[in-house]
Amino acid sequence: MSHNTFGHLFRVTTFGESHGPAIGCVVDGCPPLIPIDEADIQTFLDLRRPGTSRFTTQRQEADRVRILSGVFTDEASGKQVSTGTPIALLIENTDQRSKDYDAIKNLYRPGHADFAYDAKYGLRDHRGGGRSSARETATRVAAGAIARKVVADVTIRGALVQMGPHKINRDAWDWDETTRNPFFCPDAKAAAFFETYLDDIRKAGSSIGAVIEIVAENVPAGWGAPLYGKLDADLASGLMSINAVKGVEIGEGFDAAALSGEANADEMRIGSLGEPVFLSNHAGGILGGISTGQPLVMRFAVKPTSSILQPRHTIDRSGHESEIVTKGRHDPCVGIRAVPVGEAMVACVLADHFLRHRGQIGEGAVWPANRSR
Amino acid sequence: MSHNTFGHLFRVTTFGESHGPAIGCVVDGCPPLIPIDEADIQTFLDLRRPGTSRFTTQRQEADRVRILSGVFTDEASGKQVSTGTPIALLIENTDQRSKDYDAIKNLYRPGHADFAYDAKYGLRDHRGGGRSSARETATRVAAGAIARKVVADVTIRGALVQMGPHKINRDAWDWDETTRNPFFCPDAKAAAFFETYLDDIRKAGSSIGAVIEIVAENVPAGWGAPLYGKLDADLASGLMSINAVKGVEIGEGFDAAALSGEANADEMRIGSLGEPVFLSNHAGGILGGISTGQPLVMRFAVKPTSSILQPRHTIDRSGHESEIVTKGRHDPCVGIRAVPVGEAMVACVLADHFLRHRGQIGEGAVWPANRSR
Amino acid sequence: MSHNTFGHLFRVTTFGESHGPAIGCVVDGCPPLIPIDEADIQTFLDLRRPGTSRFTTQRQEADRVRILSGVFTDEASGKQVSTGTPIALLIENTDQRSKDYDAIKNLYRPGHADFAYDAKYGLRDHRGGGRSSARETATRVAAGAIARKVVADVTIRGALVQMGPHKINRDAWDWDETTRNPFFCPDAKAAAFFETYLDDIRKAGSSIGAVIEIVAENVPAGWGAPLYGKLDADLASGLMSINAVKGVEIGEGFDAAALSGEANADEMRIGSLGEPVFLSNHAGGILGGISTGQPLVMRFAVKPTSSILQPRHTIDRSGHESEIVTKGRHDPCVGIRAVPVGEAMVACVLADHFLRHRGQIGEGAVWPANRSR
Amino acid sequence: MSHNTFGHLFRVTTFGESHGPAIGCVVDGCPPLIPIDEADIQTFLDLRRPGTSRFTTQRQEADRVRILSGVFTDEASGKQVSTGTPIALLIENTDQRSKDYDAIKNLYRPGHADFAYDAKYGLRDHRGGGRSSARETATRVAAGAIARKVVADVTIRGALVQMGPHKINRDAWDWDETTRNPFFCPDAKAAAFFETYLDDIRKAGSSIGAVIEIVAENVPAGWGAPLYGKLDADLASGLMSINAVKGVEIGEGFDAAALSGEANADEMRIGSLGEPVFLSNHAGGILGGISTGQPLVMRFAVKPTSSILQPRHTIDRSGHESEIVTKGRHDPCVGIRAVPVGEAMVACVLADHFLRHRGQIGEGAVWPANRSR
């Protein structure tokens, strides 16, 4: 049963509010003997950390992660390794400015979860969005860092491919470029354009949406499971669970609707090593809910930040009409920091499916090995 | 753990292959005392049933459903009602032509799950796609008919809104029209166009994709749960688990990427009865993973049928290159019959979330009732 | 979420009522390429089948099992093997005498679940106990037959070790004897005594309880998982879920309360092959929730059949006091047929834990192999 | 999937090792608006806290609990209440003496989980038993304190009813007495005896087992669910998951095996208020896996502490034979502190089943209310 837990064999349970004392997560099911230390996790947290450029919230959080359990010194290697027991990770909140939210504690911010939480629970921690804050995604990134170690052979990378209506030039795609600009954008020219574009939006107190693409390479054929544990269904669920996400697609995605069967079919040939080769990847690496050995390709759409300085109509908890302006420190485009978060969710899904596949099938059950059975 | 089970409190487990003796499902967690008879379920099965027009497969399946357990005569009403125990539904396969598939039993049909199943399991039931056949969706529709009864106040309707590159005219939307044409299309003119359009595709031995929209009205505010049991995440998972689906979006979906924060915000006012009123529904009825009381609006993209008469390159199980033409009886646009299937999945997700919400919160916890707590 | 599903990776969902058209189950998560045919399953069903001696109910059920899905012909071996997809098993009910129950349809039989079902669900299928009938255990035995194939190296055997207050002589234990008497009793003398003893009880229209012991040999060290997925916790849950079971114990069980630490400790030595050797098995093969490589030893207590010919006080659905005599065809000691059922549940738990262990750890992770890591 | 999570709708995930920096848990699914503060939880932790008498380990742990998330000030009452989001609880370890364990880090202590963990994971945190330490049960007690609030009308009490072979006199049962002696023993005379008895055992460097009884009163009829979510199966699983537990029984338990059907049947009458009345409670308040409205009565057996000063044969990680004496600070009878732990597990199971019942059925579905449906 899923409320705040994600995954089945590789399970992540997160907790914490934006302005509470701490946020954190428990990673359960991590196999033993995997090297894990705080520095490894910190590297990924720093990619998502706020306050690193003018294009993200100016809240200053060090986002220092502490491992509370589940790792121990391996005598053989001298390294800190997982023990197979739950790994608890804790990140203290240090730069809350809860007073910023006093004025709006009884108001429902349009586009935010304020009204929905109140309707469900009858109360909410209004400070910085409480549990619904994107601050929770720091714990996903931390868990994702561990997940990456579980599927160490897989390379998972994300990129911002659209901001507002502006799509990048895919022919200019350069993964290295994603580490050189504050947008995780693989197209240098587009990144330069986004700088001016987003500055204008930020100065206007507005915000804008984005589309992120995640690619996972070196996933062997065979992960996933029909029919309700499909790899694509779990990826869709994981990505849709990220704050502000409104759409998910795999491979051709919505464009597949416009294709003919012959245009969409990924034909196959035999490679020089006798291995199966696909001539295209319209499927995004998944057929029938199971990986094909091709790169997994997926995209998700992030809506514009709902916290804006433009006044909007709203109501309060007592049933009165009002107007609201959301001050505080916000990202003008939450889609930017959604890139490492999306990568982390994909890593968690893949770690889970790797363990599930190994459980049901065992290792090495990949074509053409199966032919000899 | 999900392989062939969907849902948590309202759980559906399906089984069966396209050319096996029968397909079926077990619906577990249905509350007691709900009137359920075979005719109710049959009504929805008939909407999805093959062979009803020239635009779907010509396989002739009566799709007669039998209830094997979980219902009993209520002495008070004389009706057949649920008992709270598992409801098993069985549909026998009667029109298999397995020989149609003999020629391709060792070939991997491009776009189909053949290769992926072989890579995972080391063997597959090749007849009609076996477990990966869309025939399984009949059991989803049957389960969905029961789910609708659990959330009887909710209206769930679906419509085909795009075929190939051709989108319908949303201003011409008429729900009644969806029952008058073989496409579940709410735009009469578009339906007329699709008739010719799809005939040409069918005759060419080709196929085409589609986009389906599902709307669920009268869902109260408060269903869903942050952060990994979000209503939209579960809808995304449910829809993505349907055969051939490559994308899912909620509300504005991918278009949200291009919107500014002020354009995307759904402002609120107080209605004439003191109730909260949203001035727009960009969110598609879900904020923070929880329903807002607005209609739920979602879309999913279906790729073109992979079974086509155009020859394609492929390989066989022995590692040889080959060419393939997929004969047999196929839908030129699987998106059409995906409409009742999509509705059924939404019904199942909503029934599950209704029960989960009632469990955690109790009934009647909807704004503004909460104000008086 | 468990209502009618048991297990995580090896999952069994059962359905059906005692007097409905059929009972059955769906086995999900069975690994592929395992030989499975109806005859294999039938062998175990026949052990539990009613009407085979005068010490079980005289209801005549052939208990013929049909496989509806999930198996296919393996070209290599020509055998029927699992495909990795859900295996649905169906057993039709053929000898219901529902009229036997008309007189008591509004009465709550003491010791039965009648009142509890009515209190929970507001109605019940009263015929033969409906869903609460031990008839459902036939589907467990069928699922257990498949589970045994998943853990083919493990030997799972059960024995009746106590009937009423009479315990068997453990020094006379002979497994072969369990196949020679109608009680699955490993002590020939005790079996002879039980014959007379139970005849007297049967003729008096009374009933009696029993204790069953299950032993699983050749379970490797390492299965199970702390802390809430403990092997013993799952065995306890599985056995306690069987009809009429009121107690479960592992190893010394309740006798452990009376032992000192030094008496209870299972000391260790190194065997002639360098393998770890335990000098005793007070633990019953499980420490910290994880198997140790010793035989798993467990017992469960079955209460006397609640259907008796002695008149008892009760009430009816309308709130009136009454008296009841339960006619019909009943086992004087349900503990007898609980033996194959208990074996089946243990098989299912072990199959599940084998897959879970393989998922989290991989294969071959057993001491002393780990030493070399 | 359960590794370190217990429950379905009311879910507890625990983490932490005996000698790590902290232990803790995340309570997910707690309904909103329930008053929860640290003092409430501390009260129960103090009952289990070590070092309070000479009969428990002399390790000095304050066991101070901190709430990290999931509670917020309710404006209406001014109290701290649950928000419906995950409640994270943290207890820092302060009195580890890890050096005590250096000498035995490569030795497998008989009766402990050392060997089993090594066999499964290939390494273990040997300090104080690491994850397998009973120290983890502090987090269960903390979670149980919250669970009690969810089922506030239910009274859950535990008592030690046997130490070694010595059973208490049940006719002398006085619940108040359990708060007056260090054994949670309801029989004053037995408690006085146990004082001398256990002193002798303690001084001899030995240990002893015990049996604990838990009674839950005021559980309404209808909680639980056939067939694999039975209330008794979940209680059995929960109690068996506690360290050192080797047996669980409900109502008559193993004694039921010796009863005749007529002796075991709980007859029914109509009470003065028209309510159903049972004339006995052999069933322990559960029939068919569903509560009957009678008190739930269950017992569990705890083996003697495996840490003893008597030298025992064992082996080390390198495969050499050795001898071991377990120094350190240990409880001579872990059954004593198991009393509040058992209560906590029962509270968690009941909170979970209350929410599950409310989800599937709604509230108030208790006989005779159902009669009027």
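Just so it is clear, A, B, C and D label the chains in written order, and each chain counts residues from 1 on its own.
The definition used in the following text is that a contact is a pair of C-beta atoms (placed from the backbone, for glycine too) under 8 Å apart; a residue touches a chain by one contact, two chains touch by 3 or more.
Protein names from UniProt, one per chain: A, B, C, D = Chorismate synthase.
Keep in mind that what you see is a predicted model, and the values were worked out from it rather than measured.
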item	value
Shared interface partners, meaning chains that touch chain C (Chorismate synthase) and chain D (Chorismate synthase)	A, B
A-B compared against A-D, more contacting pairs	A-B
Approximate Å spacing (C-alpha centroids) for the pair chain B (Chorismate synthase), chain D (Chorismate synthase)	44
Separation of chain A (Chorismate synthase) from chain D (Chorismate synthase), taking each centre as the mean of its C-alpha atoms, in whole Å	38
Separation of chain A (Chorismate synthase) from chain B (Chorismate synthase), taking each centre as the mean of its C-alpha atoms, in whole Å	26
Where chain C (Chorismate synthase) touches two or more other chains, by residue	1, 3-5, 8-9, 14, 29, 32-33, 84-85, 120-123, 131, 226, 356, 361, 373
Contact set on chain B (Chorismate synthase) toward chain D (Chorismate synthase) in their complex	1, 8-9, 29, 31-33, 76, 84-85, 226, 355-356, 358-363, 373
Residue ranges of chain D (Chorismate synthase) touching chain A (Chorismate synthase) (in the complex, touch as defined)	1, 3-5, 8-9, 11, 13-17, 20-24, 26, 28-29, 32-33, 66, 68-70, 72, 74-75, 81, 83-88, 90, 120-125, 130-131
Touching residues on chain A (Chorismate synthase), where the partner in the complex is chain B (Chorismate synthase)	1-6, 8-9, 14, 108, 110-113, 115-123, 131-132, 136, 162-165, 201, 206-211, 221-230, 232-241, 246-270, 274, 276, 279, 282-284, 286-293, 301-308, 310, 312-315, 317-321, 335, 356-357, 361, 365-368, 370-371, 373
